[in-house]
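What follows is a group of structures, each given as structure tokens.
In the two complexes that follow, chain A is the common piece, with chain B as its partner first and chain C second.
Let's look at the complex of A and B:
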């Protein structure tokens, strides 16, 4: 029934303001009296559009460049020519690049590429699988271990062993970097207000920037190749680690800190013995978040010739080979799930670290565990507290058990160095049964299926795509992209003012100036069109799903795991099914963006609805509200804050995906970024597009954020 | 606690270094608190000062002495500054002005390292919300204070185990705090505070988060521990019944100022102002007042009734007085100080039924 809540998104050209007034919570959270102002802006806009239609739009052909782009090209040329001698590019960046490159190559030779003079890596596939299994078991327990084994074996079975391992290596290098740099930074920020005040705005900007915006500047400094991919991944994965560490350390209750101070702890003791142990679980969550960010960036980095599975997806997308893209995509998703589950299990474990040990297994497991524990040396076990039956392992005891398991692992590593079949993953020639499940077979299966499916649903998807494109996207795009640039600039400023007051107006003006300066005004407006359209779709979906989840426990239990699963998928992978269903078009990019942003927005809405005070809900029910009245008059208005936050996050997610969608026909800014890497003379333009994306993101974020401040409470 | 009560009163009046000596203690919250102290603004009321300067007076010119072995209760409603006061005593919050001396040592003038040492060895605290470390077992929580001051593992384990036994948690030493009930967790807090063998123990509303029955148990536990280990205790509470039950002397605070300091019977028998009177109006007076407060001057012949001591609680004396026909004599030591008869007793008992 809730579908009825949201009137179908009205053709935005005429009634943008009116529709916003009707559903103040879906779009941007306006109050009623702002309706008149918005209507005024809308009329001005429409009139200007009618008068100046298609004039002064600042449109720029794909191959055309501006002096600014040429200037950027000049910088690139200078860097390529003189960079190596320059203290910064050659010295600082060169050193960083060489360092990462050396580490990466060392690891590659260890596990993924032939280590000369050997024809195979130092450790063969069996050894790698065994080591990964041991690590998974040691940090995360049995269930994650099974996932690790299955995933790693599929790497080989699908014939993408080297690329899969390369992707893992890039991700792991980045996570280690983030841990080494991010943890101390986070701790410093938690303990010093000044540091926090300086670093936080930087992190804000970093997290507002869509991944695509990072590509060109980093490529400028590090060239194109694995080094750039690693640096990109490190930069992108760093903010979550710092943020969450700071949050974790600050989250230690004041009462505990005070009690510890009263015992006379020094600052160092406080950190080591109180704050870090208590923030341990949160810090592991930080590693998890950082790892997921690293993985998504590592796949995107394929566009700057980064190593790993992203390369395979990208290559397959270029020739629209859905099957091949899917095979790589499946492995990326499995990798994501594997890393996510392992680190999540590790964080859950770190909570109960040293508590229940093996004794938490049930049934025959308990007996077995009991027998095993009995036989361990005295220092390895201890009496558990009252009410816990089994003795448990001490921390030293756990390491003993882990050490014992390392022995067979190392034996497998040894074999994998000796036997070719255990070093290089067998193909269907070696093991004939692989022909039923290997990469080629799956590629064909997926292609067949997708052809059959598209055949069946083609009429439907085509109709959907064409109707939405003709009736909604095109009119909106006409209005945004065919208005004179100064009209759009004024309209955006007016929106910023009406929604958020003077402060976002300043930011908007600066961002507009930057976008104008990049010479990509028109393309930015097209990207903005797609972003707005996708965000509206996201919020409609999020409100429907979120209300259902917030009101109904069972809906929540059913939907939430799906959303969780969606959230672990790196954005790059979303393109594959969207492309399969809708072919290469703007609409495809929008659909991918919607799919990418819906989970986070839905969760925020659901949490908002759930957060409405039960007393109020009860009171409304006592007043005789119908279900419908309850939703529209109590629950949605009261979760305004969450709705605005969901819109803000939805916008940023959509924007980052819409530009990635440039790869599958989305065009505009995202495509310009990509062409910057494939065509030499367009590098400057690509770099400029990255800047425009950032400016657009910051602008939208600030408007939404100040609007949230104003209307959220 | 009746037994210690009279003793403590004497102790405070006796000579010697007090366990805790507080003088002219101020805390003004805000960036320029120290600049306000010596200006006329400091004399403004809390509200006016906040309106004028944005600073809030937490503690205003507080001074008192605590004798060794005494249980000194600070009581007041929330916002009265009592929790701030106890934190100023060990500089968990820095005082704006004034001195705090612990057995003659000036805490307010201490260097940071000396202060750490004091916190580690001489003063320990028990908190309302326990402040236990969830990642450590009970015994390790108790031993934590010993660990930070660098004691060897074996020694501190033994000491911690003793303390665990002392507070009645034997057998739970290997549990984690979240496996224990609130009352048990506070016992851990108590054991941790005791483990350091401090000169002074401070309690910041330690039982406010516990339910009434457990709270009573814990109060009795504190009384027992006080009898066993004889520590000087500073006890913060907002519960008058608790204050009367535990305190040798009670300091009543309002808006950061001292309203009254006195023994329980003084507070109930001679409230300093309406605020205290209001506070104490619900207290069963016969449980608190001593005969000193109900006796009359021995006009004429004191008679030959039984001799009672003037510091005896009315309730305890009631049976004897009521059983005896005619007035009983009240003495302070050997000296006759007054007489008391049925009417005097009943006036106290009946008055509180009316109230």
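Let's look at the complex of A and C:
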């Protein structure tokens, strides 16, 4: 973990005074005269702004393009015209496209769409729920199983069975593909530093490039259909899989490797018998993160006809139906929670299995074990450790138990193939009690509530938006966007040098050159303004919530589920309420970004606060610290690492929302990316804006990282 | 303990069996007779669905008729216009059923590549322009003339437009001349981009409710007009060729004769749906009825299409004749 200062280009004094809390990193800077240097840069900047105000800003009109943009358009036109006959576009990509489309359609007919000539899928809803329940129980235990059953029943109750299952299918296919590609890549990277050095920047780009920017190019290559959705999802979901695998394999202790080597293991044996088993739990975490990333692409993939719940969210957005968007959004959140908890439980179980060779069969497994153990043959049981009366199951025995449970599951699958009501999820016409809880009811509830709420507070929130924009955002934006481009370039370089030394200066210079080359300098500066402002808001919120959560278990229990929900709910769901409360403006874009970034930052701060050693806290308390002193003088300074990491992650999450911000009045790069996706002649400009966002992200991330190293301890 | 659980296990199986048995009453699953009603061989029909509700109405009414009368297997890929055109060229989409001009795409795909064909007008008229909420037109009757826009510029000031009036642009799907118009008509306004149709509609809703001023780019036909009668601001009249040079535009947007497009490959396939698409024609009002069913009454697009088709058998018959 690393440590850094405030979000790089923000004048630190502003951060400190705004937060009204003594931030440790501001104090630290003094030793290196960082404050004085930053002030010097600030004065230079102000003078240049006054002299050259509004000159050489490189502003570009909405519909204007540069030769670079036209060149990108030219490439697109060539691919469109010659693609089908080209060996790569028509041949390789075409083959991949056909393959995934076929796999997807096969699975769809099995569980989600009518399999001709049947009017329903091969396996009906009851069968699918039964199978999922069995899988959940077999890999993850009772708690996860209950979650699986409830979530999957809600798919049907809310009337979105087919789209929910389609989303699961896309996610599963994408994650399986990520696993097949990511595992070997991760292993290769863990073994060879050179590979790692080559692949890491590619992963960085995959994670920072806004998906909107490559939406049109991917659709161009793979056509319109499930494959495009799967490929889009993979681009975003692969990096966590690879990174976490690499981390897991690297994390196997050297002593273990040495010991194994002294036994004469070959490289292959080492991998299969030592490294992979020991990294198993981390790899499952990789699968988990990959799944979460995959789900977050649901609404975006739906823009190019990707199957799943994203379609419902987008359709509801079109007709301004907050309730309908929420219903689909809730199901996406529940799907995420279901997959998250199930894979986490599976990883915990696989860890305990790796250690003792015997799993702790939980819940119904334990109960069932009681029933069958006495009747099992010898090979299935073994004597458990001391103090445990009941004999435990061996691995084979466990599978026998699981196999027994498969019988009722298959019975249900059989019924679901025979009976219409078990094949097609019943509606309120079939089962009248559903009218109290089904999708229509929930939609109406949410709509009524949001209308009432918006009506009560919108004059207040609009005034708040005006004040904050006029007094904070506009002045900051004027300073950044109305300075000549070379002034800004120098200022950013100077910030990079003062905060992080020479190494980030090189990255900054390269990124600046790229941004300049995209022809979107001015728009990038406006985006930067919003990013800085949003990150400051994120950190203020994260510190307040994180301290509360870190100090108080009950606050944690209350707040954490809300954070989880905001992390997984598609931002499209809350765009309409945000627009109603704050109007189409940059501030709304900032609010959307803050809503998305606060959860991760808050969780990191809370972990940091909780990580402060209890003896230190006890000692401070014995010295008579007040609660306020405890927080500001002990707990926050001691969790500096976590604060810095939270800032870094918050910043990246904010940047990933730039494009969504473009949909609600954020303008600048986000809007350009969206218009590039919508207008034929702006394709190149949109792609260029995507590149600019990526460059901006890499630049800010590197400055923050090196600054973190420098001011680390 | 052991005994209790074995009972539980039995109970589970019993419930499962019972569920299966009770379900028997509701009848088993019978295979569909091959093809649907029509009897003709129609095959697949893939109608692109562009992201606005008026379009959804066109697509689902055509789709509903194709499915029930011609027995086509209809699917509705959700794509933006540009992607839809590209899809027709590459063969993954058969038709676009409401096209707004797009001279650049017409040139590229119809004139040069010849991969797309014009399938005639939808009968709808597309109007693009600047609109104000109803309360403003009532309070400031002369605001519908562009010449008085400068007089009211200060009303339209927002946090986004600085000391100028705000002209809110919305859906990035459309080519707008608004920046050039503001400049060439010497208006003291700044174009602010809302970024989506949703942001435009929500802005009009808030403006009407709170009686705040708003001037924004909008378009008809649009279901939202059935909820709020926005008032069109008249710019200098459109004359042929006045928008030839995008930088020098100083006139209103032309009225669009909305049309349908059909992929060349599909047109040559001999599917009966080709005729249906070519003959399909209705009015803005027809479309608004279906759109209102969808957007305001919360009906599914298919149900809305069925309701309209059932109520208008004559119009439908003309498309099939």
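A few comments on the model shown:
In this section, the second predicted complex is superposed on the first by the 524 of 713 C-alpha atoms of A that agree within 3 Å, B and C clash if a C-alpha of one lies under 4 Å from a C-alpha of the other, contacts with A are read in each partner's own complex, and residues count from 1 in each chain.
The rule is short, and it goes like this: contacts are C-beta pairs under 8 Å (C-beta built on N, C-alpha and C of every residue); 3 or more make two chains touch, one makes a residue touch a chain.
For clarity, every value in this text was computed on a predicted model and none was experimentally measured.
Legend: residue contacts after superposition of the two complexes on their common chain; A:278 is shown touching chain B, with no touch to chain C.
Between chain B and chain C, the partner in contact with more residues of chain A is C. Once the two complexes are overlaid on the shared chain, A:219 sits against chain C while remaining clear of chain B.
Once the two complexes are laid over each other on the shared chain, residue contacts for A:207 go to neither chain B nor chain C. In the superposed model, A:579 makes contact with chain C only, not with chain B.
Those residues of chain A that touch chain B in the shared complex are 253, 255-256, 258-266, 269, 273-274, 277-278, 280, 353, 355, 382-388. Residue ranges on chain B touching chain A, taken from their complex, read 87, 90, 92, 115-121, 123-125, 127-138, 144-145, 147-149, 171-176, 179, 189, 192, 196, 202. Those residues of chain A that touch chain C in the complex are listed here as 61-63, 77, 80-81, 83-84, 114, 116-120, 126, 216, 219-220, 223-225, 302-305, 311, 314, 317-321, 324, 367-368, 370-371, 374, 408, 411-412, 414-415, 417-423, 440, 443, 455, 458-459, 462, 465-466, 469-470, 473-474, 575-576, 579-580, 583-587, 662-667, 670-671, 674-675, 677-681, 683. Contact residues of chain C toward chain A in the complex are 1-2, 5-6, 8-9, 12-13, 16-17, 19-20, 23-24, 26-34, 51-53, 56, 77-83, 85-87, 89-90, 92-93, 102, 104-105, 108, 113, 158-160, 162, 168-169, 171-176, 179, 191-203, 205-206, 209-210, 223, 246, 294-295, 298.
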